[in-house]
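In the two assemblies presented below, subunit A is common to both, partnered first by subunit B and then by subunit C.
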Partner chain A sequence: MKQKLFLILILLFITINISGCWSKKELNEIAIILGTGVDYTKDNKIQLTYQLARPAAFGGGGMGGGPGGGAAMNQNITWIVSATGDTVFDAQSRLSQQIPRHLYLGHNVVLILGERLCRHGVLDVINFFHRQPLSRGTVWIMATPQEAKKVLESHSELQMTSAQAIGFLARLRTGYVLRFRDFSQDLASRGTNPVLTRVELKRQGVAQGPGLEKIHHHQEIIITGAAIFKEDKLIGWLDCQETQGLRWLKGDIHKMGIIIPSPIYPDKNISLDVIKGNTKIEPVYQKGKVKFYLGIKAEIDVIEQQDEEDFTRTEMIKAVENITATKIRQRVKISLDKVQGEYKVDSFGFGEAFHRKHKKEWSKLKNRWDEEFANAQVYLTVKVKLKDTGMQGRRASLKR
Partner chain B sequence: MFDFFKSKKTQEAARLESPGVKEQAWRNQKLKANLKENLTTLHFILADCYDVVFREFDFAQLPDIRLALIYVDGLADKIQVSNFVMRSLSLEVPPALPKEYKITKAQAFDFIRDRGLCIHQIEETDSLARLIDAIMSGDTVLLVDGHARAIINGARGWEARSIEDSKTEAVVRGPRESFVETMRTNTSLLRRRIKNPALKIEVRPIGKITRTDVAVIYIKGVVYPGLVTEVKERLSRIEIDAVLESGYLEELIDDNPLSPFCTINHTDRVDKVAAMLLEGRAAILTDGTPYVLTVPTLFNEIIQSPEDYYQRYFFYSLIRLIRLAALIIFLTAPAIYVALLTFHQEMLPTALLLSIAGQREAVPFPALVEVLLMDITFEILREAGIRMPQPVGQAVSIVGAIVIGEASVRAGLVAPATVIVVALTGIASFTLCYPGTLSLRLIKFPLTIIAAFTGLFGLICSLIILITHLTSLRSFGIPFLYPVMPLSPAQLKDVVVRAPWWALLTRPHLLGKENPRRMKAGLKPKPPEKNN
Partner chain C sequence: MTDKILEGGKIDARQTLYLLVTMIYATLILFIPQNTVAHAKQDAWLSFLVAFTGGVIISLVVINLSLRFPGQTLFEYLPLILGRFPGKIIGFFYVWLFIHFCALVDREYCSHIVAVFMPETPGEVFLIHGTIMAAYIAYCGLEVLARLNQLFLPLNAGLLTTLFVLVTPEMKVINILPVFDTSLLSLAKSTITPLSWFGEIVALAVIIPYLAEQKNIYHLTIKALFFVLILIELATIGVLLVFSPTLTSSYFFPVLSGTKMINIANFVERLEIIPIVIWVTSGTVKAALFFWAAALGSAQLLGLKDYRPLLLPLAVIVTALGYLLHPSIIDLLNFLTQAFPFYALTFEFIIPFLLLIIVLIKGPGKK
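Entry: the complex of A and B
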C-alpha cells in the first residue's frame, strides 16, 4: 500500500515536471492578432500585416482607466505592424523580432488579400494559414482592390476594432461572404472557381459626438462586391448589384431586397424582401453540348409600397410575383453575362453539379471545364411566391 | 492537631488508593448486605468526586433500617428525588395501609420497591458496576441496609440546551427542530416522527473512560438487510478512551479511510434522519452531540435537501439541477479558468478574451498564482467567519469585502474576472449539503494546479481519475454513486430531479429492497369520475 502510494506520488511529480507547462502562454504574453493582411509588393516580395489588439485599451479595471472598457480619446486600441519577406513565415519572423510578445493567430477574424497578390496567385501564401494549428477555418477571407495593409490601418466607430467590425458585417451575410475553409474547398475543387468577398476602406458616414462638432469624415471597411478568381488568380471584380445575381446563382440567398416597378401605377415602386430562396441546377449533356436548367424559387414579403396596390386581390399578387420573377431573371442574367461571358470562368459551382450528375463525362470535360462552361446554354425558370404583406393589407388611402 | 494531620493523611491515602481508569477490578464486585460496607466501597470508588451526594436517612416504616441515596448533583432531578423518594420513604405512610400493618426487615426492600417510591422508572441491581454507571449517568441510587441489592431511580434532570433551529441546514419550509446534545431528547424527537414499535433504538456505551451512549437506530422491516448487524459489528470493534463527537466514530467505521471523500454523512436535522430511516438506512446517534451519522451515504445526497420533498416538485427539480450546476462550477470553475487563460485562449470568444486580457494587463502574476491567491484568501475569510468571536464579525466581513472586492483589484494584484470566478466558486459551495463539500473543497486546489500545468487535457484526465475513484467507493456495501453508477434508471426519479410524491412509489432499490413499496399506485389526484 505504502509503495503503491509512493509510486503514484512519484508518477504525479514526474508528469507535472516533464510536461513542464509545455505550450503554456500567459494571457499577457501573447499579442492577439485580430486582422491579417497579405500583399505582394512591387519588388515581388510578400508583405504581411497584422492588426494587433492592445489589451490595456479593452480592460476597464486594472489601471482604473477609461470608463466601461471603452478606450479613452487619443488612446490606441490597435497596433498595425507589417513586414516583408520571401515567404509569409519569413515576414512573420521579422515581425516577431520587433514585437515583445508571442504572435497569437487563434483569434484572427479576417484575412485580407491585396489585389496584386490576388492577380499573382494566392496559393503561394495560403499554405501558411493552412499549416498553422491556431489559424482557423472560420476566418473570413476577403480580397481588396486596395492594399491590404491600408485597409487594416483603420478603425471602426461601432466595434472596438475594424477587424472585428468587418467580421460582424460578414456574419450578417448582406453580401457574398465566405470563410477560409470554404475558400480552400472551392480552390481545391475543379468544378468551381473561388469567389472572394471584395472589401474596401471607404469614406463612410460621419462620426458625431461632443467635441466632434467639426465634422470629420470617417473611413470604414465595407463590403463592396465580390472578386472572381480563375483557379487561384484574380481575373475580375463584381460590384454589389452583380454580386446579388451571383448569390442567386450560387444559391446563397440571405437578406436580399428587390425593388420592382408597380404593376399599375407608373413611376411608383414596391420594395420586397426575399425571405427564402433556393436554386436548383439541372445539368444536361446532349450531343457533346452542356446545358443547364436553373430553377430558382423565392418567397417574398412586401416591405414598402409607394401607391395603393391592393394585395388582397389575387391578380395583384400574381402580377407582383411575375414582375419580381422578371427582375430576378434580369439580375441573374447580368452576372451570368459578366462571369460566363466576359471572364469565362465557372464561379457558380455548376461544374460540381455536372460532376454529380454525369460522372463519366466529367472525367473527359474536367480539364477544359471553363471553356466548356463558357459555351454552355443556361435556361432560367424563376418561381416567386408572395407570402406576407407585413402589418398592412392595404395602404392608407387619400383617394377614398 | 496531630490528629488532624493524621486524619488528613489517611484521607490522602484513600485518595491515592481510589481506583483510576486502569483498575477495573471493582467492576466485577457484587453489592454486600451491609449498608456500611457498601457505602465504604462507594466512598472509596467515588473518592474526590465533589459532585456526588451521599444522603443517609431512616426508613419511616421501620426506623431501624437505614437507607442511603447516592446521586450526582446536577445530573439528578433534585425536586423529584426529595419529593418522591426521600419524602415518601422518610415521612409518609402509604395511605392505603392499615395503621397496624408491620413489615419485617426482610420484607423492607420489596416493600420500598413496590409501594414506597413514586418514581416512574426504577431498576433493581446487585452489580456494583451497573450501580456506578447509573450514578454517573445521572440516576439516583437507593441502598437499603440488610439487602445486597439497590434500586436505581430514573430521575434524571440536568441543564440542557433547548431544541433550536438547525444551524447548518436551514430550510424555508419544513420542520425546524434539530437534534440537541442529550440523547434521550434526540430519541424522543425521532420517536415523535415515527410512532411505530418497529423503530428500534439499540444503545451501547462506547469509550472506556467517557462511556458515551451510542445508539443504532433503524426501522425493522425497512432497513437494508444485514446493515444493522454490520453497523453493530463495526461499532463493537471500537476500543477507544473517549467519544466526544460522532466524528470519532465516523472515522473508525468508515469504508474508505484513505479517500478524501466522506462516505458517512451527518446531519442535525430530525426530519432528514427520519426520512433516511424510512428509505432503509440506519442512523447512529451519539450522546453529547447533535450530529447524527446516517449510513449508507450516497454521493447524490450532496445536492439534496430535505426541503426538496416539501416544496412543489417542478421548482425544486430545477433547484436540484441548479445545485448540480453549482457542484460542477464549485469543483472545476477555477481550474477551467486557469486552463483557458494559460493554454486555450482560443476557446474564449474574442470580445471576452480581449476584455480579460485587458484586465490582466497590469497583473504581475500568472493566472495560477492569481487564482490560488484569491482562493486562499477566500478560505481564510471563511475560516475566520466561523472561528471569530461574534462581536467582531462585522469588522471581519467589512475588511474581507474590501480586501477581496476592491483593494486587490485596485492595487492590480488580481483581475476582476478572477474575483468573479473565485467568488462564484465560493458561493456555489454553499448551495450544497455541507459535509459533502469539504472533500470537494480540498480537491479543488490540486485540480487548479494540474490545470495550470497541463491545461484542459490534464484537467479532464484528473476528472476521469476522480470519477473512477468515486465509482470504486462503497458505503456499507452500497456503491457510492448509486443509482447513477451502477445505473438504475427507475431510481433517477429522485436524484437530480425530484419526481412528485405520487410517482415515488418505491424506496431506492438497493437500500429499500427489504420493503420496496412505500405507497399505493395511482394516487395521482384526478377529477372524480362522472356518474352518468
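Entry: the complex of A and C
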C-alpha cells in the first residue's frame, strides 16, 4: 500500500514535470525575425529595423510548397517594421508594443548596419546581439552605404525573402563575407581591425514572365565590396576589385576570377579561375622596423580564351603563370596601398601574425600597432600554378 | 564503531572509474573554460594539464590515507586518527563540504537553464527538481548511482566528441597560437580553480570501502583523472579554436556558445540541447553522489543504523542553500573563481595531507 502510494506520487511528479514549462512560446505566438538592420538617425538615436516573416503567405497560392516558389500571389511574405530609441533594446521594446507576437531572434539571418551608425561606431549596438541568449554567432554581418532600413525593405526573386537571399549569397563566398562571431573576434583583437561586407540595394536585372509585358525592374540586395573599420568606426569603403585584393591578403580565397592579357596576342584576354590559394605572412622585426614577407600561392584553371594560345605547350603555361602572378601582385598592391597607405589601418591580421612570431616585441608595439603597420614594408612573392584547362587543351582552329 | 549495513552496495572497477570521471568533469565542462581562459588566454589547455597533475597528487594522498583503514570511510577513521571529539568535528566539516558541493551543483544547474533557456521560469523550480532527483538516487544507494552513471557517461563522452567533430569547420588553428604566451602568475591564477575541481576526488575517501576490489585503486584513479583531462581539453581546445581567447572569456557558458556555431549545410544546426543533456545527466549524478556522501557521513558520525531518514531534511537544506547562497549567477561565478578554490583545497588537500602526516607519525591504521 505504502509502495503504491509512493509510486503514484512519483508518477504525479513526473507528469507535472514533463507537461511543459513556464517560458513556452508556441510557433503561432512568435514573430520570426529574418533580417535585422540598425541605423543611426540624424537626431542621434538608434533605429532598429526588423524584417519579419509572414508564414501565412509562405507556400500558399496553389503552387505547392518548397523554397523558391509557392508564395501566394499578391500577398506580402515579409513585414518590415522599425522603431527608434536610445539603445537597441529601447527601440525593440517600442516595437514589441506594436507587434502582437513575441519577437524571436533565433532565426535571424543577417544583421545590416547603416553607414551613419558605422561612422559613429558600432560598439553602441553590437552588445545587444551578444548578450541575447537567442542570437547566434552564425549571423552574417554587413554594412551598407545606404540606410539599413531601406535595404531591408526589399524582396528577392529567387528566395522567399531578401534576408534569406543575402544569406545564401553570402554562403557562396563570392565576396568577402564574415559572420558575427568573426566580427566580434576582430573587434576584440588588437592585431587586426574589422572589415565588414558591403551590401547595397540595387536595381538588378529585369523580371519577366507571362503576363508581364511591361518591363518590370527589380531591386535586389547585392554584395558590392567591403567596409574598412578602424577599431569600431568605419573609415572607408572598398569596391569589388579592391576587395579581391583584400581577400588575397587575408588568405580568404574562394571563387575568384582573374582576367589576364594574352601573352602572344595583343588586345586579347584569357579568363582564369582561382581554385585554391593561400597566403603566408612572415613578419620580421629588425632594428625597430617591422617588415612583412608575403608568400601567395595560387592554383588556377583556364576558363576561356579569346584567341588561340596553345596550352599544351609548357612555355605557354609558364607565360600564363607569370602574367597571372603579376596580375595578382597588382591587385594586392592596389588594396594594400588603399588600406595601408590611405586608411592606415591593419585590416589584414598582420598584427596577429606578428604576435604569433614575436611575442616579446608585440607587447611593446601592440598599443600603437596601426602606426607601426602604416610604416611597415610589405614584400610580395606570388607563385602561380596552372592546374587545369577545362575541357580543351587547345581550341579547334582554322589556322592549324 | 557503526555497522556496515549503512550502505550495502559494492561497485566494480569500471563503475568506479566512470563515477570518478563524472564527479569531476560535470562542473568543469560547464563553467571553467571561461575563467581559465580569462587568465591563461590561448594557453588554457596548459593550465588544465597543471591542474591534472595537482589532482593526481591530491588523489595519491587521499588513497594512501584511506588504504590504511580498510573498510572504513573518512568519517569512520577520522575519530581514530584525531581522537573521538576532534575527529567528529572535522567529520562534520566534511559533511558540510559535501552538502555545499551538492548545493553548488544544483545551483549551477538551475542558473544555467534559467540564464540560457527559460528566463521566465523561477530558478527554484529547477533547484527543487534537481534536489529531488539527487535525493531519490541517493535513496537507492551507491550501486544504483554507479549503474546510472554507467549509462550516462559513455553517452555524454560520445556526444561531446560529436560536438567537437561537428564544430571543426569553424575552427582556426591560429586562435591558440602563440603558445606559452602566459606569465607564470596568470598561469597559476588560471590553474587554481580547475585544480579545486580536480580536488573533488577527495570524495574517494568515502567511496573506497565500497569498491569490490581495492588493489588497482591508484591505477584506476589516475586513469579517471586522465579521462577527465581528455574531456576537458576537448571542450577547452574546441572553444578556443572556435572563438579566440578574448571572445571565449566573455561568455558564461563557452561550450554552449560553441555549440551554437555549428552549422553544417544549413541543416545540422541548433544542437544546443546536446550540452544540456550532458550537463543535466552528469550534474544530477554528481549532485547525487555528494548528497549520498553527506547523508552517509552524517549517519556514520551520529552512529545511526540507516542514512535514508536523513535524506529528506538534507534535501531541504540543499535546496535552501542552493537558493540562498548566491543572489545571481555573477555572484556564483565570482565565488567559484575567487573564494571557492582556497576553501575547497583546504578540505581537499591540506586536511588529508595533515591527517596523513599524523598517521605516519602516530601510526594508527595499517602499514
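Methods note: the second predicted complex is superposed on the first by the 373 of 400 C-alpha atoms of A that agree within 3 Å, B and C clash if a C-alpha of one lies under 4 Å from a C-alpha of the other, contacts with A are read in each partner's own complex, and residues count from 1 in each chain.
Here is the rule we go by: a residue touches a chain if its C-beta (ideal position, glycine included) is under 8 Å from a C-beta of that chain, and two chains touch if they have at least 3 such contacts.
For clarity, every value in this text was computed on a predicted model and none was experimentally measured.
In the superposition on chain A, A:L27 contacts subunit B only, with no contact to subunit C.
Comparing subunit B with subunit C, the partner in contact with more residues of subunit A is B.
By the touch criterion defined above, A:V109 reaches subunit B but does not reach subunit C. In the superposition on chain A, contact is made by A:R356 with subunit C only, not with subunit B.
When the two structures are aligned on the shared chain, A:M160 is found in touch with subunit B, with no touch to subunit C.
When both complexes are overlaid on chain A, the residue A:R171 reaches subunit C alone and has no touch with subunit B. Once the two complexes are overlaid on the shared chain, A:F58 sits against subunit B while remaining clear of subunit C. Looking at subunit A, you'll find residues 21, 23, 106, 136 touch subunit B in one structure and subunit C in the other. Those residues of subunit B lying in contact with subunit A across their complex are 341-343, 345-346, 350-351, 353-363, 366-367, 409-410, 412, 415-416, 450, 452-455, 458.
Within the complex formed with subunit C, the residues of subunit A that make contact are 13, 17, 21-23, 106, 130, 133, 136-138, 171, 181, 184-185, 188-189, 352, 355-357, 359. Against subunit B, the residues of subunit A that register as touching in their complex are 15-16, 19-21, 23-28, 30, 32, 34, 53, 55-64, 69, 104, 106-107, 109, 134, 136, 160, 164. On subunit C, the positions that touch subunit A within their shared complex are 115-122, 125, 129, 132, 170, 174, 177-178, 181, 242-244, 246-247, 250, 257, 260-261, 263, 266, 269-270.
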